[in-house]
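Both complexes below contain subunit A, partnered by subunit B and then by subunit C.
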Partner chain A sequence: MSAYFRQVCAIVKKDVLLEVRSRDRITAMGAFAVLAGVLFNFSIDTTTTRPQDVAAGLIWMTLIFGGLLGVGRTFHLEAQDGAFQGVLTSPVPKDAIFLAKVIANFTLLYAVSLLVLGVFALFFSLDIGPNLPWIMVILALGSLGFVALATLFAAVSTGTTMGETLLPVLVFPLLVPMVVFGVGSTGRLMNGRPFDEVEGNVRMLGAFAFAAVAAGAVLFRYVVED
Partner chain B sequence: MWPGTRRDCTYVSPSAIYAATGVDTNAPTESPTLEAIGLVREYGPVTAVDGVDLSLDTGEFLTIFGPNGAGKTSLLGMLAGATRPTRGEVKISGLPISLSEHDWRSKVGILSHRGFLYARLTAEENLRFYGELFGLDDISDRIAEHLERVGLADRARFEVRQLSHGMRQRLSLARALLHDPDVVFLDEPYTGLDPSAAGLLRGVLNELKDGRRTVVMVTHNLTEGLQMATRVAIQVGGRFVWEQDASDIDFAGFERQYHAVVEARS
Partner chain C sequence: MSTAGVRRGATGFTLLGLAGLIGLFWMSFFWVSTEVNQGIVQRIFYVHVPAAWTSFLAIGIAALCSGVYLWLRDEKLDRAAVCAAEGGLVFATIVLLTGPLWGKIAWGTYWNWEPRLTLTLLLWFVFVGYFMVRNATEDPEKGKRFAAVVAIVGAIDIPFIHLSVIWFRSLHPEPVVAKPDGPTLPGDMLATLMVGLGVFTLLFLGLFLFRYALEGLRSEADLRARRPAS
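So, the complex of A and B:
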């Protein structure tokens, strides 16, 4: 195993272990997802609106707001007892730290996104069966892009006095392309349209996700260095 | 294109240059083990460290004393590569951090007054995590050895949050020494320790004076700091205002001397 991969694995394993033990973020995100699904269910008049027409947008909004709850706290656990300083002063490339954080946060958010999908499918009686694998792929790409940007900016906002308040202000404007392509493709697939119709959107979503990861890996060093 | 520039330039990393030219970055050099040149650290209008020069060879143990706000922790942060200097440079065995960050950081161990430990991981898991980051091969053996060394072998499976402050401090020391660093930085290691824990820490620090390492310690504890040191410096207002070999110091009168120096320079 290369040294780089070994260091990435060590940080991912540590982050997952800390989350399993504390369950702080997964509980907050999971509870938010379920409650948002319930509230949205009551907020829509099904006599005038078809649930499958609005479900995609609501799923993505729930994912983004819920994701901020969890990913925004990425560096709070690290800040306790200065542990992150210990990581930064070890011989780990900064991009390896970023990639590890993205992988750990992606694991967490993707689990929550599948929960969100299940909750909305239940409350909105969505028939997503035939296109479920593609919807899961789209949610994975969206989660990856979101996590890359949110992790980078969580590192920025943690070091400021405004903290988590600043995070949405920094991240939301950059999420517009992801929301446009994500909601567009998810909505059509939920309405039973074929994948060919949304293939372009999915490609753009994938490009956005990988561009966000690459940019984050390059910029992370400048964010965390004192 | 500007005269003298080439379009076909290829970036070659310093590590690759060392490998191609046969330079071993771990080989002993004529340069001092730790060298600081004109270190300055500014926080906005405040100058925390104001032009510190330092040169330490292997086997030297420098203790830095100074009042609160003298810039000791800022200086230690820069020496240890945790904080970027506003101006100046730190070299380890002649290498600046910018040339080979991986090798540079592998040679450094830091004991901060913050423990760098994860409260919800066990003592063993914390050490294993840092062992993986430092790319150690024999992690399990080293963990057992270092936990034994700091008297925490029976607490290996305790989460850090279940340990007392003194135990955490000892575990932090084990973490700092796990990769057998050439240069060790200690920031207030005696803070909050009871006499028994301080004695244990003293024993481990004495082991560091094995002639293979360079140690820099910042402390307010004059007695402990003097006992360990081969060189002593007093920092006031971001500068070294007094520096001497420990062998030339009158231990009995040092406290009076220290206060006189600090008051004169404050």
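So, the complex of A and C:
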């Protein structure tokens, strides 16, 4: 078990280090998130809609689109120069590779999701203070479920001739539960409702994340075998 | 079973299904009594519900065969999965076309985000993705594996989608047949519905076997085309 853990850590470390040095994906995702916030601000007619009422939905949409932008390129760098073959031929179990990729992507996306939360709170003058810890937990669960599905299907779409254009077609239909539970809970918490009211949503979001990670860990080996 | 045998079975099921379809149309247009509250528009129910049942059956077969294919790697299972998925897509399209026609009159709107509608639409998209993945790989083996993964993840997601959409208030009529205390549907309506279920299942089996035989012939042709080159 400790060997397994070490292997996962080694791949996570490699991926995070690559990202820290190149800053490719985090810059793209961060810029996307902030710019989406700006555009969304002008897409709301404030004479008919209160921006606060739709902010939770917009945050999750930004997270999904921005996340797809970054997670879709998980295997891009390694696929280009055949380095991924090296990772695959190493004695690391395939599910460890998947879990490591999920953890690395999660770190990236969770950082972006906190940025999104901050930016939207600023742009839409949201009062998130009292429920901030719970909102952060909910964003973590949502990011985890999303990253697990998107990483699995990023491996699929990287292996096809269509590449990343295929990713939204595969991932979006599966994300409905995440959006329903995520928006349902963050929206109410941002409006100052008590946590008890959204506990069911949060539990379902956790179950969704768990199922996504488990399914990905089992199925990943069939995607990357050659 | 040989390809010729499969084709004979396919012809038999399809002919039976088509004959049954004429019977079903006669029953639902002329024989069955009109429902009191909804009126004439309710008759679309005898096409809509059997199509929905068949599409879920087909999608179930596709997901099951995909799962076992990844395990055993038997070509026949992949062939069965792709044929069932295609049938599921066709019948789900019928569901998505007949539902709004009824909804416009009964609900006053073509579409709403009711759980069963949403689930059918999303499954339809999952299986569109299934075929896109399948056709977007240079190596057919890879396409088969990728498609199987899409089908399995789609199947795992179904309960979550269903539960999540129930969070919204439901407009769809409650089940009238599969209930714990027995069907509440009047006898003639129940009979028509049961005939519909039988007919659509037969049609699906016929189409499924035709497609299965076709896939068999195609892989045989591929094999022959490759042989002189190697």
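The rule we apply is simple: the second predicted complex is superposed on the first by the 225 of 226 C-alpha atoms of A that agree within 3 Å, B and C clash if a C-alpha of one lies under 4 Å from a C-alpha of the other, contacts with A are read in each partner's own complex, and residues count from 1 in each chain.
As a convention for this text, a contact is a pair of C-beta atoms (placed from the backbone, for glycine too) under 8 Å apart; a residue touches a chain by one contact, two chains touch by 3 or more.
These figures come from a predicted structure and were not determined experimentally.
Student: After the superposition on A, what does A:18 contact: first (subunit B), second (subunit C), both or neither?
Tutor: first
Student: Which partner does A:125 contact after superposing on A: first (subunit B), second (subunit C), both, neither?
Tutor: neither
Student: Of the partners subunit B and subunit C, which touch A:3 in the superposed model: first, second, both, neither?
Tutor: It touches subunit B, and subunit C stays clear.
Student: Would you check which partner chain A:27 touches, where first means subunit B only, second means subunit C only, and both and neither mean what they say?
Tutor: So A:27 meets neither subunit B nor subunit C here.
Student: Please work out whether A:208 is in contact with subunit B alone, subunit C alone, both, or neither, and reply first, second, both or neither.
Tutor: Once the two structures are laid over each other on A, A:208 reaches subunit C alone.
Student: Once chain A of both complexes is superposed, is A:46 in touch with subunit B (first), subunit C (second), both, or neither?
Tutor: Touch status of A:46: no partner.
Student: If we overlay the two complexes on their shared chain A, which of subunit B and subunit C does A:222 touch? Say first, second, both or neither.
Tutor: Only subunit C is touched by A:222; subunit B is not.
Student: According to the stated criteria, A:89 is in contact with first (subunit B), second (subunit C), both, or neither; which is it?
Tutor: In the superposition, A:89 touches subunit B alone.
Student: Based on the A-chain superposition described above, do subunit B and subunit C contact any of the same residues on subunit A, and if so which?
Tutor: 225-226
Student: Can you list the subunit B residues touching subunit A in their complex?
Tutor: The contact residues of subunit B facing subunit A are 77, 80-84, 101-106, 108, 110, 112, 114-121, 125, 129-130, 132-135, 160, 175.
Student: Give every residue of subunit A touching subunit B within the complex, in rising order.
Tutor: 3, 6-7, 9-11, 14, 17-18, 21-22, 77, 80-83, 85-93, 225-226
Student: For the complex, which residues does subunit C have touching subunit A?
Tutor: 70, 118, 122-123, 125-126, 128-129, 132-133, 136-138, 142-143, 145-146, 148-150, 152-154, 156-157, 160-161, 163-165, 167
Student: If we count contacts the way the header does, which residues on subunit A are in touch with subunit C in the complex?
Tutor: 149, 152-153, 156, 159-162, 166, 169-170, 172-174, 176-177, 180-181, 184, 201, 204, 207-208, 211, 215, 219, 222-223, 225-226
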